[in-house]
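Paired with chain B in one complex and with chain C in the other, chain A is shared by the two complexes that follow.
Coming up: the complex of A and B.
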């Protein structure tokens, strides 16, 4: 932080300004469509920030992180389906269930390392995915429509208002970055980063890294659960596709694209990733023919993501 | 994600709940599970070889499954011979696999697993889109020749489709062939040398890049074969390899990454448990749940069964059941 003049930071600021002003500027330009689009981008941003917490700072490559999006969203969806629409019940429960699932999955997968960890997080997420596909009562493959958004029971705050919805998401986005900033710079974060660079050494000085990692895993799961409950409210719809392994792969990509273990990297990464998808998808239905190789090239030539690219360019100048 | 046809046809009779436990159905479902296991093994063998030897996580292995089905299926359609489709698919997949290895994957060997996952994820998107561009959205139906399309009696009142037996036989032959290839031939010796110590094998004059290309080509052929031989049952669809890929991951995690023997045993176990779970779990649940609860919990729990199995195995043996000797 601090070096505000760096190109990466200017870019971050630009993205944040775009996010902040869209509901004001977009209708004026007759492009109200972008309010929903950017709201969606910000939700993915929250999910990416949560993944960065364990992947960027902890070195834990979870290939099933989208599952918590799904769990947060399905908790809201299923409660609404049964007539429970109060946010005071829905939201704590959505966060709690996400955290609980993260606790169980983390306890299992953190016993393993490296590629085993990648595959197990993938497989466990896939398990929940298939569970949602087989849940006929809640729409199976076709998903579940949510008839009423979460209600706060007060007159001045309703998610049915588009601008309120948008800025609620915006605040949660900023909050997620703030929480990860506080965590990373705490003793807790120091242990996480130390364990990432040398797990054995940290353990040998008497710090049990498993507990720390599990805690981080649970926090990340809960944060992603928040993204999920926001998504359910934004789209008024949940479906198994939200937690398919494609989504988990995309989340990893957003984090890497923006720059791992940087605070705002996941936010800009999500923005660039989704913006590019949006633009390419507008060109042709076969847009993955361009997008796929683009991702490959990013991995091969642009390690460190946008932040890395911009920083390197700046250093050269 | 498009909806994929299940890998295993459901043979359950409509009134399955009442007489499901009879031995004819049990045997049939066991064979179906075995056949699913064979398909998983063909996928897992290539995956575990590539991982064990090159330390490469290759998601695009699922694309090889799909491409094998589409390429082989098209050859079968053009020539009018399914057998010719299978035969010509082999050199085609060998070439495609080696091209992918040389152009993209080769640069990924020194990278960490994260980079490998991401780059091969990009490859999947590309291959899915390319397949859709060439063959369209509808997929491809590959009909069986008449002589493979029948049903054969196995005695004791058990009948079984000929073609599924053919799949099982092909799979067992390939497994045996792989065992011979890796254990008894010169190239197998080089593969094992490369797996246990890449640098030393290179220092002793083994052409490591060429060896890797060949191993990758073999893996692509095995995946393509799996995709092609399952196609007459399920038909070829875009993204068809992905569910199988993840199941194959489960298999090699259970079996121990890098172990072909582990992959074989874990494939069969996974295939059988998954299939039997889907057919009989609701009956088992009836023993201690009320009927309507059992009927709704059955499909949910059975779709989770192998993942629970995997979690349980890893809980006690984080390295899988058969970790290969010497591999770190």
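Coming up: the complex of A and C.
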């Protein structure tokens, strides 16, 4: 069986086709509601892809990654609040601020390892979370409504158009995977992957790994910042909840569920995670009681997530 | 001529245990200097100190006359001081070729290159293939490193270090865990490297040491108890008592009983 015929790849292709066709098919089926839902899924997909870059390929389990969703989104929200709605200002700033925060947080947290790294990334992210909760001017707990979406100043491209919004997100999703693919297979990515499996060995062939990890951390932060600025535009709303530690935990689950250190794993992981929670939430208000154990089982029995599960099945056949 | 490597009064303690106890030794350019000693003597600790993986509590390390005591491990490699590991330390999920390509990449400078796939980078692949052919792994390049036979993994371990183009090799028990046949191959391999590289060879296997070394230092409980040419070491009563004596019991072809 060829590469493309592998079940994991078929599943990935299926998810991508669903994403690609939803704005065309959903209205025809009178289910327009799904356009927003899947747009949301794709934004989480971008965030999960960015986390996978450092967690899957770099071995850095950041438990505060959702903070960059929040920073990207709040940058857009706060600028809009002060009347700055140009995308040409908002987007570079959102990405830049995300990168800057990632630089500072990475510089601190990457001096530690293992559980300490997990705890410090969590603690640093919580700082920003509490900052947003206490920012009364910007709505505190209640969040901040965004009155105008990012403007590009051209007539043919407006995020107020639902389809344009949707496909903009879709393109960013594909771009995030493409960028990951290039990064992972470059010299930079090779150092990252090697450092994940054996950091001291990388040091003893003459490469100080810290600055490579820090760079990866910053790239992942910026990529997640993009997810955040898209989310702010999609929802026209930002709130502290976007970057609570629950969200960071969910991101980790999406990556693990889809298959760590696989390119499309985080995308399918986000899709399955969010789809299941939608379906279960529709069945019963106690859906967490089912969902929690399900996730535990996936982690225990499906090492390598969906991608791993489907690949093993295929190899056995 | 300045020594290639010189350790002066190195001390390293782990809690109450002094693993390296006021250790001094020097290695002249081009020679193979073997360090032997029973398990727990502090041989690996010495390699860790010299390679920069650990900091000594006291003492100095000179490399080609320059003080490298405070130099970080990667910088020492860049200066030409490479090490190998007693416990095989290869990238198991990389292919054999990728393992060596990473070293080539490290030698070529920084790795802040984000876009071009390494699998299409002939400036990495060609030197890596060449080196692998030299060390006898030429027909294994595309295998997953973790799937190599144990002896081949040990060869790869050294190839990874060689690919950094060092002038000096710190080899921590290259024959560790090998059968007699594999050991013989490794000895022949190291002998072929002799002259091109200065080496500090940590070894447990007496026969290999006497075949390869120009000088031998014997370490017991972190202390140097003897240092000299192989013949002197062979006949040193203190060494025979402390080390060769009990080594005989493990070696079928061991030396005769001590004459002291």
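By definition in this document, the second predicted complex is superposed on the first by the 315 of 317 C-alpha atoms of A that agree within 3 Å, B and C clash if a C-alpha of one lies under 4 Å from a C-alpha of the other, contacts with A are read in each partner's own complex, and residues count from 1 in each chain.
Following the convention adopted for this analysis, contacts are C-beta pairs under 8 Å (C-beta built on N, C-alpha and C of every residue); 3 or more make two chains touch, one makes a residue touch a chain.
Predicted model, so just to flag it, every value in this text is computed and none were measured.
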Clash or fit (per the criteria above) of chain B with chain C on chain A: fit
First, second, both or neither for A:187, with chain B first and chain C second: second
Partner chain in contact with A:116 - chain B first, chain C second, else both or neither: first
Chain B versus chain C as contact partner of A:241, first or second or both or neither: first
Chain C, chain A and chain B - angle at the middle CA centre, rounded to the nearest 10 degrees: 80
Dominant contact partner of chain A by residue count, chain C or chain B: B
Partner chain(s) touched by A:252 [first = chain B, second = chain C, both, neither]: first
Touching partner for A:201 - first (chain B), second (chain C), both, neither: second
Chain B versus chain C - smallest C-alpha distance in the overlay, whole Å: 9
Residues of chain A that lie at the interface with chain B and also at the interface with chain C: none
Parts of chain A lying in touch with chain B, wherever the complex brings them together: 55, 61, 63, 108, 111-112, 114-116, 118-120, 122-124, 126-127, 130-131, 133-137, 141, 241, 244-246, 249, 252-253, 256, 286-289, 291-296, 298-300, 303
Touching residues on chain B, where the partner in the complex is chain A: 1, 3, 51, 57, 59, 104, 107-108, 111, 113-115, 117-119, 121-130, 132-133, 242, 246, 249-250, 252-253, 257, 296, 299-300, 303-304, 307-308, 310-311, 314-315, 318-320
Interfacial residue positions of chain C with respect to chain A in the complex: 51, 53, 72-75, 77-78, 82-83, 85, 89-94, 98, 101-103, 105-107, 111-119, 121, 124, 160-161, 163-164
Of chain A, residues touching chain C in the complex: 182-183, 185-191, 193-194, 197-198, 200-208, 212, 215
